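Below you'll find a set of structures to go through.
In what follows, subunit A forms one complex with subunit B and a second complex with subunit C.
Moving on to the complex of A and B:
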C-alpha cells in the first residue's frame, strides 16, 4: 500500500524536477504539436524547403525574443527592441548602398550595425538602471526616439539591400541553407552566454533586486549589461530581417516588440524576472511563427486571420500556464 | 584588540530617527550581543555596518583605522559579512549558487567556474550536515526549501564571505534545537579564529549560551555595554526597558476590569493557521484586548486570518452566537468586522483618489450602494472625519495630500459610518506622529465605551499599557502569557516577550 501511495507523488516530483531544470519543455511540446498540426493541414509544410523558409522568416523574431530575454531575466523590459531593429536595419542598408555593396562594405556596415545596437542598449541601460526611470515607460520613450532617428536616416521604406547580402542570407553554403549555420552559431553562442557570470547575476538581480544589492552585487552595471546584450541581439535580429526582406524599412520592427515579449512568456520565462531560459524564448518565437503558418495553411479567410492568431496565442499561453501550475502543485 | 568600533552613528528616515546615537565596540574573538526592543535601532545599526544603509553621521573604525562604507560591496571589501534578518536570497537559484553569489568563482574572466563553485559551497553545506533536514541539497532551489532551511542557506552565505567581522541579525528565529546547537558550535569555532561577531537574538537562553558581552540599545541610543558573565537576565531587561521599568508610572492606565454585562463581542477558540497556533480568547463588548510581544510572533497573522485575509487551518471564531467563517475580507466586513492595518500603503489607502472615495468604500459594501451621490455622502463622511479632528483642505483633494497620521484617520473613518461589532487594529499607529496617535487612541477608547470589542496589536508597549484592559503576550505564534490588572507593567511585558520559546 505504501508503495502505491508514494509512486504518483514521486512521479509528480520527477516532472517538477525536470521542469525546474528545463523550464522550456512545455514550449517544446507546443512547438512539436504545432508542427504536427501544420503537417495535418498541409503535409508539404513539413518539407525541408518550407521549414527553411519558416526559419529564415522568423530568425529575426527569434533573435529579438532572445534580446528581450536578457532584460527580462533582470526583471526589466525593453519596449524599444523593435525600434533598435528598425534603426539598425535602415542604417546598415543605407551604409551598404553608399559604400557600393561590396563584401568589405557589407562587413563594415554590419560591424557598425552591432555598435549601433550596443549604443542603443547603453542608452536604455543608463536611462533605466542608472537614472532609475520605469523600464516600461522609459524604453517606450527611447523607442520613439530610435524610430525618429531611423526615419531621419531613411524617410521612406524601399532602399534595397545589396544582392550579395540577401543572397547569402537566403542561399546555401556547401549545400546547407545559410540560416541553419546561423541557428548553429546562435545555439553555441547561447550555450556560451548561459555559462557566463553575467547571466547568473542578471537572474539574481531579477529574483530580488534588494537582496542582490545587499548581497553586494553591482546591480546597476549588471542591469546595464543586460540592456547591452539586448541591443546586441536586436542588431543581430536586424541583420536577419534585412536578409529576409532585402530592403530597409524604418518601421519594420515596431510591431515585433510585443511579439518578442510574448515569445519570452510563451517560452516559460517569468516577466517578473529571475526565472527563464533563452532556449524557451527561441521556441516561443517559433511557436508564434508556426501559429501564423497553421492559420495560413488552414485556409482561414484573410479577414479572420488576426482573430484566429490572437486566439491561438491565448490558447498556447493558457496551456503553458496550466502545465506549469500542475508541475508546481 | 578592537576589531570594529562605531561611535555616534545616526540615521534618520525623513522625520523619524531610526538611530539617534549608536556606539559599539567589537573585539577580536568575541561574540558581541546586541539587545533592544522592537524598533530600537539594532537592525539599522547592523545595516549601516554592512553598507546597505548610509549613516547620516558618525565614525566607523576597523582595526583602529577610520573607514567609510559606501555600499554592501565596499563593506565586503572591508571584511564585513552579514546575515540579514529578512534574508537576501534569490528564490530561483540553487543553494550552492546562493552561497557563492556575492563572489562567484570565475574562469577565463567570463564564465562561472561550476566545479570550484560546487566545491566552495560544499564546504559550508557540510557544516550543517545531518541537521539541514529532508530535501536540502546543493542543487535544490532555495524557493522550494522550508523557512528553517532557507535561514541555514543565509547563514552559509554569511559564512562564505569568510569575513573577519560577521553580523548575525536574528539568525536562529526559524531554526530547530539541533540546528541552533550546530550553529553555536560554528560560532565558537569562529571565535577561536579571532573573528569579531555581532549577534542579535531575542532568546535569553541563546544569548547566555554563546555571548561574551552585550550592548543594549534603547530608543535608538546605545545605553551601555556589559559583560554577560557578570549580569543576569532581569537586569538586562531592566536596562532595555529603562529605569522606570516597574515603577507605577509605567503601569497600565486603562481600567483592568470592564463591565462584562454587555456580553462578548467575539470568541476565538483554538485557532491555528499560518504563523499562529492554538490561540483562544474572548473579547467583551466594550473591552480593548491588547496583543503584545515581539514583532512577528503571530499577532498580525492572527488578525488578518480573522478578517479573512489569511488562512485558518483549524479552530473557530464566533461573533455573537454565530460562527464567522470569513472566506474573504468582503465576507468579514458584511458580518461586522473592521480591520485597520499599520501598513497603510498596502492595506488601506486607495492612492491617487480623493479623500471622500477613501472614506466610503465600506459604506458602499455594507449598504450595497450602486450610485455615488457626493452631496448625500458628504453628510455621512464629514461627521466621521470630524470625530477624529482630521485635518484636510476639501473632501475632493487626493489622499496623498495628507500626512501619514491624517491618512490613517481617513482609513479609520471609513469604518465609522456603519458601525462594526469588532475592530481589529494591526499596529495602527506605525509611522504616525504623536498628536495623531493621541487622537486615534481617544477615539478607540470612545468606540470601546460605545460597546465595540477591540483587538489591538501594537509594536509599542506604551500604547498597549495605556489602552488595553487585558494584554495577551505572543511568543512563537501562540499566547505565552495573559497580563491582567496590576500585572500589566512594562517589565512583565518585556519579560514575557523575551522568555525562551
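Moving on to the complex of A and C:
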C-alpha cells in the first residue's frame, strides 16, 4: 500500500522538477496540440511551405513577445512595444526609399532602425525606472508619442519597401527559407543573452526589487537595460513585419502590443516579474498564430472567427498562468 | 507651511489648478474655448469617460494589481445592445438599460471569477476578456444593424435638462456623490480600501475578500455599460469599437485623480477632476491647428509631464 501511495507523489514531483527546469513545457505541449489540430483539419497546413509561411507571418510577433519578456522579467511592462515597431517600420521604409533601395541603403537603414529602437527603449527606461512613473500608464503615454512620430514620418500607410528587402525576407538562401536563418540567429542570440549577467539581474530585480537593491544591484540601470533590450527586439520585430508586409504603416503595431503581453503570459512567465523564459514567449507567440490558423481551418464561419480566437486565447492564457504557478509552487 | 505644502500636493488640487490653467490656455489660443456652452460640451465628453473611470477606480482601489482592460469592450458592446433594444423608440429605453446592465454585470462576473477562483492576474484575465468581447462585437455586427438611439436618450445626453445642464452631467454628479458616499460612509467602501491596502489583514478581519473582488469587477462592468449607453445617446448610432479608447484613458483619469495603481489609496472625486483634465487637454489639442502627428506627440509628452506631478514611486533605499 505504501508503495502505491508514494508512486504518484514521486511522479508528480518528477513533473514538477521537469516544469522547474523547463517552464515552457506547457506552452510546448499547447503548440504541439495546436499543430496536430491544424493537421487534422487541413493536412496541407503542416506542409513545409505552410509552416514556413506561418513562421514568416508570425516572426514579428515572436520578436515582439521576446522584447516584452525582458521588461516583464524585471516586473515592468511595455505598452509601447507595438508603437516602437510601427515607428521603426515606417522609418526604415522611408529611409530605404529615399536612399534608392540598394543593398547599402537597406543595411544603413536597418542599422539606424536598431538605433531608433534602442532610443525608444532608453526613453521608456528613463521614464519608468529613473523618473519612477508607473510603467503601465507611462509607457502608454510614450506609445502615443511614438505613434505621433511615426505618423509624422509617414502620415498614411502605403510606401512600399524595396524589392531587395522583402524578396530576401520571403525568399530562400542556399535552398533554405530565409526565416529559418532568422530563427537560427535568434536562438543563438537568446542563448548568448541567457548566459549574460543582465538576464539574472533583471530576474533578481523582478523577484524582489528591494532585496536586489540591498544586495548592491544597480536597480535603476538594470531596469533601463531591460527597456533597451525591449526596444532592440521591437526594432527586430519591425524588420520582420516590414519583410512580411513589404510596406510602411504607421499604425501596424498598435494591435500587437497586447498580443505580445498575451504571448509572454502564454509562455508561462509571471507578469509580476522574477520568473520566466524567452523560449516560452516564442512558443506563446506561435500559439497565437496557430490558434488563428486552426480557427480558420476548422471552417469557422467568418463572423465567428474573432470570437473563437478570443475565447481560445483566453483559455490558453488561463492555462499558461495556472501551469506557470504550478511550476513555481 | 508644511500643511500648505501637503494641501498643494493633494492630487485633487493639482488637477483643479491644471484644469483652470488649461482652460485659460485654451481661451488664449482660441477665444470662446472657455465659454459656457463649450465648457458644457467638454463636461458631457468628460462625463462619459468619468463614468467608465468610476468602475476602473474601484477595481484599482481593490488592489492586488487590480485593473480592468475589458471596459472598452463592454462600452462598445453596450452601445450596440442599447441601439438594438431601443432602435430609435423611447419605449425601449428601460429594457435597454436593463439589458446593458445585465451584460456589463455578466462580463464583470466572468472577470471576477477568473481573478478570484482561478487567481489569474487581473491584467491577463481582462486582457483575454477584451479579446473575447471584440470577437463578440464582430459577430453581433455581422448579424444585425447597429441600431439607433432613442430621442429621449439623445436628449438626455446632449440637450439641457435641468438648470440648462444636460441630464448626463447631473447623472455624473449623482454618481460622484454616490461613489463618495459608498467609498467613505459604507462598510462596503471601507472594505474596498481594506482589501486594497492589505488583503491578508482584511481576510483575517473577516472581510469576504473574494466576494468583494467579484463585486468590484461587476461594478466596473456595469459602469462601462452605462457609459456605453450614454455614448450611443451622444453619437446617435454606434459604430465599430466606439469604446476602444476608454480602456487606457480611464486608467489615466484614475491616475490623474491621485489613485495609486497599487490599490488602497485614492478616491473618486480626484478621478472626476482627472477625467475633466484629460478631456480638456485633448480638446485644446484639437483646437490648435497642428496635424495629427504633432497632436499625438504633444499629447503623449504632456501626459508624461503631468504624471510627474502624481504619485511617483519611492526611490530605492537600503
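One rule holds in what follows: the second predicted complex is superposed on the first by the 319 of 329 C-alpha atoms of A that agree within 3 Å, B and C clash if a C-alpha of one lies under 4 Å from a C-alpha of the other, contacts with A are read in each partner's own complex, and residues count from 1 in each chain.
By definition in this document, a contact is a pair of C-beta atoms (placed from the backbone, for glycine too) under 8 Å apart; a residue touches a chain by one contact, two chains touch by 3 or more.
All figures in this text were calculated on a predicted structure; none of them were measured in a lab.
Peer 1: After the match on subunit A, would you call subunit B and subunit C a fit or a clash?
Peer 2: With subunit A as the common anchor, subunit B and subunit C collide in the superposed model.
Peer 1: For A:200, is the partner it touches subunit B (first), subunit C (second), both, or none of the two (neither)?
Peer 2: first
Peer 1: Applying the touch criterion given at the start, work out whether A:213 contacts subunit B, subunit C, both or neither, answering first, second, both or neither.
Peer 2: After superposing on A, A:213 lies in contact with both subunit B and subunit C.
Peer 1: If we overlay the two complexes on their shared chain A, which of subunit B and subunit C does A:275 touch? Say first, second, both or neither.
Peer 2: Once the two structures are laid over each other on A, A:275 reaches subunit B alone.
Peer 1: Looking at A:20 after the superposition, I want to know if it touches subunit B, subunit C, both of them or none. Which is it: first, second, both, neither?
Peer 2: A:20 sits against subunit B, while subunit C stays out of touch.
Peer 1: Applying the document's definition of touch, where does A:308 land relative to subunit B and subunit C: first, second, both, or neither?
Peer 2: Only subunit C; A:308 stays clear of subunit B.
Peer 1: Just subunit B (first), just subunit C (second), both, or neither: which does A:181 touch?
Peer 2: A:181 sits against neither subunit B nor subunit C.
Peer 1: Of the two partners subunit B and subunit C, which one touches more residues belonging to subunit A?
Peer 2: With both complexes superposed on chain A, more residues of subunit A are touched by C.
Peer 1: Going by the contact rule set out at the top, does A:140 touch subunit B (first), subunit C (second), both, or neither?
Peer 2: Second partner only.
Peer 1: Which partner chains sit in contact with A:148 here, subunit B, subunit C, both or neither? Use first/second/both/neither.
Peer 2: After superposition on chain A, A:148 lies in contact with subunit C alone.
Peer 1: With the two structures fitted on A, what stretch of subunit B runs into subunit C, 347-355, 437-445, 455-463 or 473-481?
Peer 2: Clashing stretch of subunit B against subunit C: 347-355.
Peer 1: Do subunit B and subunit C land on any of the same subunit A residues, and which?
Peer 2: Residues common to the subunit A contacts of subunit C and of subunit B are 210, 213-214, listed in rising order.
Peer 1: Can you check the complex and tell me which residues of subunit B touch subunit A?
Peer 2: Contact set of subunit B toward subunit A: 50, 52, 71-73, 75-76, 82, 84, 87-93, 97, 101-102, 104, 106, 110-112, 114, 141, 157.
Peer 1: Within the complex, which stretch of subunit A touches subunit C?
Peer 2: 79, 127, 131-134, 136-138, 140-152, 155, 209-210, 213-214, 219-220, 258, 261-262, 265, 271-272, 302-311, 313-314, 317-318, 321-322, 325
Peer 1: If you look only at subunit C, which of its residues touch subunit A in the complex?
Peer 2: For subunit C paired with subunit A, touching residues are 65, 67, 69, 114, 118-121, 123-125, 127-136, 138-139, 141-143, 248, 251-252, 255, 261, 291-301, 303-304, 307-308, 311-318.
Peer 1: Over in the complex, which subunit A residues touch subunit B? Could you list them?
Peer 2: 20, 192, 195-198, 200-201, 203-204, 207-208, 210-218, 274-275
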